[in-house]
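The next block holds one structure in the form of structure tokens; read it before the comments.
Each chain gets a letter, A, B, C and D, in the order it is written, and its residues are counted from 1.
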């Protein structure tokens, strides 16, 4: 089973509305998979269920052949399945550099005993993480602002910082929630470039997005969601040519 | 014996209903539990005591005077402090209400010292009714509170102002589109909360005595009542208050009387453990 | 498109808007909408539709340009003052007070909007006739209404203020297909009662069925404006999947 | 004059410890503890009860451990739901401790309290100079606690707490165990408050419930706000200046004969309350900024624009 992520028959209701209705799909290892569909199709809810932010009513989620259904988000993240947020949420009280130093898992200094009694190990880890953080910051052009508080950055810079922060987690699968939303074209090019490079490094991506240009540019495979379920899957060209997708988008109903 | 306890419990609950209602109304607008509620109750009691004992007004008139004073004080707190800190998160508002409670409580202590004071009000003999002893303070409390509760319910459910208050509590942005200004409604809500707290100060002063810690002793039961009622629903606050009053009174079968506060604290802990929401709404679970 | 001889119900000139210090999301839009027509504003997500209608409603201060209702400039007015000037708005979500009953929502719709001509029992009768379902159960809490009924109540509240122009922000959002149909029929009834409707909609097909005219927004600019009947699915698909441009 | 100075040093030391504790809980981790006085009292009484049988040092350690344990339980109970509830639960806890101290006289001696509490290093130095030695002990204790807490705040643990304070969901998305981090921060603060209670007991050698009033909670909040939330250095300044200012009001009493003891206490607490409100409005960021790791901590040649 080469599928890195397997979502089987997941449903989730909020009050009367069925946000997800027996939705099943899978994301292949080493691929960039697009999740598209009109507003209210359940894309973000699906991402919240997979990442563990929201518990599904029924159905299962398997990551790397492990059942992670209903696991809390912080545990799912440490397994290598990480996510970003639709509305950028930078940690304002920390500097740009600290936002990245925060990322790596299982830091010895994050437990009281480590912070107090393993100072040498902690210093060594911090230096190693700082070196990696500097490379990433230089790559996305934010190294000069390393000491600025994250809240002082522009919208686009915050998006890049969030992407950089996620990369320092050395993830296996990254779920991006509308990375292109509110991002100016030049910056969009950088994001596309960055995702391509990381894909080459072996990181898989799941992208929820409305910007068809971005989806067309980098997705190997696309799932179209409509009214809480997986309508059809295939390559971007196959999918956008399919009459049912156009109808779903134009609201003629499934 | 039990019947007497139930009666006492019911009246104590009624006394808690007014401040619990005030707390819920201000929570609806500013979305934070006002920790100065106890100190406001004390301040109201002293204002009435000054009017009653020093200026010689009859207690009823003194109560009205105190209500007016407290309405102004509450509005002043909103104008000078709460409205400036409104968009700084509920934690900053919480800590600022701690500051305000210290100021209000200590103005009373500075002006009148720690001695307990009583209202100049000759209390008639308790009435005997089917073996139950009903003293006059309990009667007054019942009448005043029930009247206030009816008035508030009428205001909230049958008047434009009440509709506007509930609308702002539910959705301030939409209320603005309907021509309801959040700021004016907040001021009016604080005035009403001030009046309710002043009256409960008078009733508490009658039930016990007026001293700087009067309101502080009611602080925990008021919170227990408001949380039990769902911290956001006025009807819930009233029912919550009566439940807490009964729980405190009946606990005296098992616990010595000065352990009453522990009962309210135990109710709060139990509630947080068992129900993540109160009886009537006011979602408490983290979104 | 010959210039409409009568003054336009809604006239927008060179409108630019955006959030905080970000770039413009609405990048200069000009339209004149004839009275008693339905103009559907459609476009792919992120095209600026929602920002456009929020700016018209006064929830967002425009960076440039002007907005006029029946010839009267409302650009600087607050949302409430715009309702008094005859420009009513129904937000996408949270457009009713859940903890108030239907009757209370309807009362609150105009209670604090003194000085709007035509508001009163006559207008109430007219609006209630448009939405019998709502008129039937005044005591019901709005929070317990179904999606479709909630939209009806939101429409009714806006119409009680006797508006010249009604702005609708994606009324079909979150509704099952059955309710979408009902909502669109309600829009038609609103227009027939003499109100001009600007309908921002994601559900293009439903909007096209009832619209007189269509304006397509792409990346904050007007990329197409034509009578609804001249628009075919084919060129819409191109617009949506960004093949053109 | 020396006696007065040593008293001042010890009083500042106690309020500094309480302030440092609250700074970890609220300044760094964003958890509102309105029951500070309850934990200090618990620390003092545990020390007073255990010092005779176990000796002063094991008693102090046990007091700190007990406060940490109860902090863990209270934190776990309420943080599960929402921050506001911790404030309500802790204010309840403070009140319950006060009632138990007053009424469980078999254990706490009730209103009379507990007397002749053994003091540290009592035979090391003649009684006349003992207060001076205790002031030194207090300063050393504050120094140790300061170093420990400053290390924690500057460590990845402190950084994770600050992240949880700013946005708990994002911290969870980065794999941080949010609930565990918050409970640890609250327990650490609880332990330090217990130690402050112990120092208070050693200094006065007799304790009774009237010594533990809401002024202790008010001082702590004022010191953290004035000092700059998250900054331990700022906290020390804050605690120091407040204590000096308030001791100055002692001379006020002599100047205005009209003010009696109660009024003086009321004036102090009222001024503290006013100070909290004014600082929150006028200078929310406090005296000193929060410690942040700078790029040139790692790369001296970093010429970033700060």
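Rule of thumb we're sticking to: contacts are C-beta pairs under 8 Å (C-beta built on N, C-alpha and C of every residue); 3 or more make two chains touch, one makes a residue touch a chain.
Values in this document were obtained by computation on a predicted structure and should not be read as measured data.
Shared contact partners of chain B and chain C do not exist in this assembly. Chain centres were defined as the mean of their Cα atoms; on that basis the chain farthest from chain A turns out to be B. Each chain gets a centre from the mean of its Cα atoms; for chain C and chain D, those two points are 57 Å apart. Averaging C-alpha coordinates per chain places the centre of chain B 31 Å away from that of chain D.
Here the spacing of chain A and chain B, counted between their Cα centres, is 48 Å. Chain A and chain D have Cα centroids separated by 41 Å.
Residues of chain C in contact with at least two other chains: none.
In chain D, there is no position where the chain touches two or more neighbouring chains simultaneously. Chain contacts here close into one cycle, and each chain has exactly two touching partners. Under the contact rule defined at the top, the touching pairs of chains are A-C, A-D, B-C, B-D. Contact residues on chain B toward chain C in their complex (touch as defined above): 160, 163-164, 166-167, 169-171, 173-180.
Here chain A touches chain C in the complex through residues 16-17, 38-40, 154-155, 180-182, 184, 210-213, 216, 240, 246-247, 249-253, going by the rule given at the top.
Taken together, the chain C residues at the contact with chain B in this complex read 57, 59, 78-80, 83-84, 89, 91, 94-100, 104, 107-109, 111-113, 157. Contact residues of chain D toward chain B in the complex are 30, 32, 34, 77-78, 80-85, 87-89, 91-93, 95-96, 99-100, 102-103, 214, 217-218, 221, 225, 260, 262-263, 265-267, 269-270, 272-277, 280-281, 284.
Within the complex formed with chain A, the chain D residues making contact are 148, 151-152, 155-160, 162-163, 165-167, 169-178, 181, 184, 188, 230, 290, 292-295, 297-299, 302, 304-306.
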